[in-house]
């Protein structure tokens, strides 16, 4: 499978990202309060947590998409403003129904009025296995195909900070492995926060693994699996970490 | 966690379901052709397959929601018509935005003009961990919460045939286990077809496991893991079956 | 409070602009009288104006209620029955092209010179936006929801009705809201046109009358009052429509 | 072919119903002439009718084009600028309440008795449904898409514009379509009302004339022709609108 | 008392003084009639509704009556309200038109009434012009404004008792060319029509007699009549109506029931010649003097 060229492949490592005082409340009920979080520069941080605990909300806050009732400061390690340097992949695919798959993947360039790099977009689509459907409307795609299109769109953005919300949840085991590997390569050197509900996925892809749990939600201490990702599932010691993760996930029942 | 009463808990085992001559084509390209499939009565059949191979389409065909370009006959083992005896859970949650969670879970009764069994619905919501948000609008739910609401709505339907399309894809490991167990219990004695992308899930829940793969897609021979489900993941012999499944999945690359 | 202040400012601004227009372009008062003139005429004839406004308001309200009802029913009927859709739609479209003077004698013949013929004319104007918008909304239901409803009701006899009542209808409420807004905006002119069918009261009657006698200031005073009614009605309906779809998130517009 | 046959059947059915109405209710021909009478009158005066129809058609088309353009621009302006939304909307609503005879002298003074004043009047009637529907559509964009666009354009200067151009606008096309359909249906009456502003040609003028001369059959022949134009226009616009949103699945209605 | 519905030709105005005085003075009531006066928005509707049996009587115009009858409406004139033409061609006194011959190449406004073109054709013929020498513009509701703002150079269909006063009040006095002096046979501007099949109805003669009492009162007591006219109709109390009332007084038919057959015959022939009607029928077919 051809690898899409990444403009930042040889770019310097992305700076770290620090968020402090993050809080969110709905109608008096706090989802989380006064959270602090640091994403190591150039590393992938995976975020786990029970359903409904506030992972997506946290991601949106960091992406600068605050809701009413949300507070917090986010800053980049290089002191530059974060604005315009974040790529965000929502939990929903959010494909635009009036653009075909290729159009959706090049949406960022379209929006910014940049010349459209169809070649790179096609390479990206090829990498996620969607080259044949580049001309179809999103309505003609299966759930997993939509998710892969959204992933391709995010990777096209080529930004130092990447926030992804359950990007592989609708993929079968094989496709998932393929796409994980692709993402792992293309995200190398970037500062990534990846929400997932699969502890094995977190242990495979993350330099650091965080667990958000409790009510109001708190972040557990960062877990750093040994060795650089991607790690094969057979790696010794991962099973112990898996048990730790499960135990932390269970700290508070889902609401 | 309180178990919602199932009206069919003591009901006789559901009949089997046979589908033949299933075919679907879009614009000349066949997704699958002349497929045949039998779901054993009262058993859970799990369906795996690469993303975009046609699992959801197959499910919709069996549910009687044919698209244009779809053909096939579906019949029940007891000779009675299938109509009105199928519960269907789409890959998307399809919650209605204008009903609160409780309203969505009781949608079937609403639609049929039956008295609304709020007590059972609340028990069901409690079982999937959504009791506290029963009065919220779907827009206020997280992705996983929406999926659980859709699951509760499907289980409320209490029908002999149940077709579910990736019902647990957006749930974290712990919640998923909890909900899987719940579904396993409530679906006991029913004829179930469950699409999943997680081979372990299939091996845990399915009496039979099918793999749809290839282009046009074909169904592999049914795999029957030893012992009754739910099976603990440590069950000996499952790893071998897992390998078989992965191998079958990989027969044809995703389009 | 803020809304009231805003309306006051808008009104003031419009009046100033109007005065400026009259002054700058040197418009003769029998074409466009100055606002001071109009306000004076309005003030002097206030009881007269209010009396006629009452009549028109009644026609507007009746026309809007009946028009909305008929429009909604027509849309529902067209969605439920293909035969109605095919045959009713062209007739409905045709009905919009009939000018009042062609219809007036027929309406008067059937309904007399009373309120009924005026309301009928107003309804003819008001119901169409409701029908068209609501029908569009009813057609555009998310297919997944319809499939879901189909599996849930398969085999029962209420399938179509349940789909309409519980899925299509609520899903089309935002579109109905759009139609209602348009209906509210055209309702005042609907009532005025209704008064052309023949009447001896109402703002439309007063305007025609004043116009024919070159009492242009009185005509514009009546027009001003009609405008006030129109804007008040529109915003009242707008607020009601927002209540109709409480689940729809309000968007923060720039 | 089937559509043409259907239209023929509808037309035949309507004519039969009309004939039955006249026969059953014993309506005198000077109130509602029988279709045979009207068709005969129409056939005899066909060149006259077609001449006037040409004028009206031109007004309709111009009014529709300009009205759609203005309506769409007004909606876009209101979505982009809060200040416009607050101040323009009430004025737009107000404009819908002004009857033709109040505006006619002003229009004629500025635009003369030619085509311009008629088109202006037609535009006033046509643009509102477009504005209202399109504006509603532009406001109701899926919030997730807007968030997505915001992260993609953050820090650039084209943020608002890109959002409008690439997200809100295409998302609102179905709503614009609804508005266009209503506009197409009211365009013929818009042109006819425009002709009341003062004219010497057009179907509206012809109808006024025939009505005054008690040539009711000629008036209804003109009305019939106007109705034909209205229905043809509506279905042409309907077809165009469907092309506007090719990604939207056609629903199988019962 | 018997109810009787009468549809006016237009909104209540000084042209209807006879009827209003008869109503306010109780002359109708004394004749055992409860007369309901209804104002239409379109002057073409009242005769149709009388013909269709929806109302008992309607106010119409003599020229219209000929056209209506020619089109098959079963109508008969039973009384005259205003017995001279009111219609006229009006220009601004300080305008470019001093004589009808000056109309050549000019724009003439009118409000569609059905026979303005015929009147104009007669007027132009007298001045040696043809219809094609002028441009006709339908200005619909606004004759005076169109003239005042210079959009047209003359208007036909202007009522001498109204438009002249309007122009005067606006300090731009006008000049009227009276149609009956310019080649058009004299006619009754406003008449009362009834359904031809119902002439035996005894209420009709009682109605016409009460009208006559109103007409007599009007000429004898103009000041009191004005007070009766605006009683309960405050919107009518303005300078224009006062002047129009004064100018209309001498034009009301003093003997509303009386019919001049020759006059109607002459006018029918004129309309035939102008091509507005197809046949000249016997006057008795459409105008009667009630027994």
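Think of it as A, B, C, D and E in the order they're written, each chain with its own count starting at 1.
By our rule, a residue touches a chain if its C-beta (ideal position, glycine included) is under 8 Å from a C-beta of that chain, and two chains touch if they have at least 3 such contacts.
Being a predicted model, the structure only gives us computed values, none of them experimental.
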item	value
Touching both subunit C and subunit D (chains)	E
Length of the shortest touching-chain route, subunit A through to subunit E	2
Interchain contact steps from subunit B to subunit D (minimum; 1 if touching)	2
Highest-count interface - the chain pair sharing the most C-beta contacts	C-D
Intercentroid distance (Cα basis), subunit B paired with subunit A, Å	28
Whole-Å gap between the CA centroids of subunit D and subunit E	38
Distance between chain centroids, defined by C-alpha means - subunit B, subunit C (Å)	49
For subunit D, residues contacting two or more additional chains	27, 31, 101, 105, 109, 208, 211, 248-249
Junction residues of subunit B - those touching two or more other chains	92
Sequence positions of subunit E contacting 2 or more other chains	42, 44, 48, 52, 141-142, 145, 149
Chain-chain contacts as defined at top	A-B, A-D, B-C, C-D, C-E, D-E
Sites on subunit D touched by subunit E in the complex	27-31, 101, 104-105, 108-109, 112-113, 196-200, 205, 208-209, 211-216
Complex interface listing, subunit E residues touching subunit D	42, 44, 48, 51-52, 64, 67-68, 70-73, 107, 109, 112-115, 135-142, 145-146, 149, 151, 276
Contact set on subunit D toward subunit A in their complex	142, 144-145, 147-156, 158, 162-163, 166-167, 170-171, 173, 245, 247-249
Touching residues (chain side subunit C, partner subunit D) in the complex	6-7, 10, 13-14, 27, 30-32, 79-82, 85-87, 90-91, 93-94, 96-99, 101-102, 105-106, 109, 128-129, 132-133, 136-137, 139-141, 143, 146, 160, 174-175, 177-178, 181-182, 185-186, 188-189, 192-193, 204, 207-208, 211, 219-220, 223, 226-227, 229-231, 234-235, 248-249, 251, 253-254
In the complex with subunit C, residue positions of subunit B that touch it	60, 63-65, 81, 83-88, 90, 92, 94, 96-98, 107-108, 110-113, 137, 139, 157
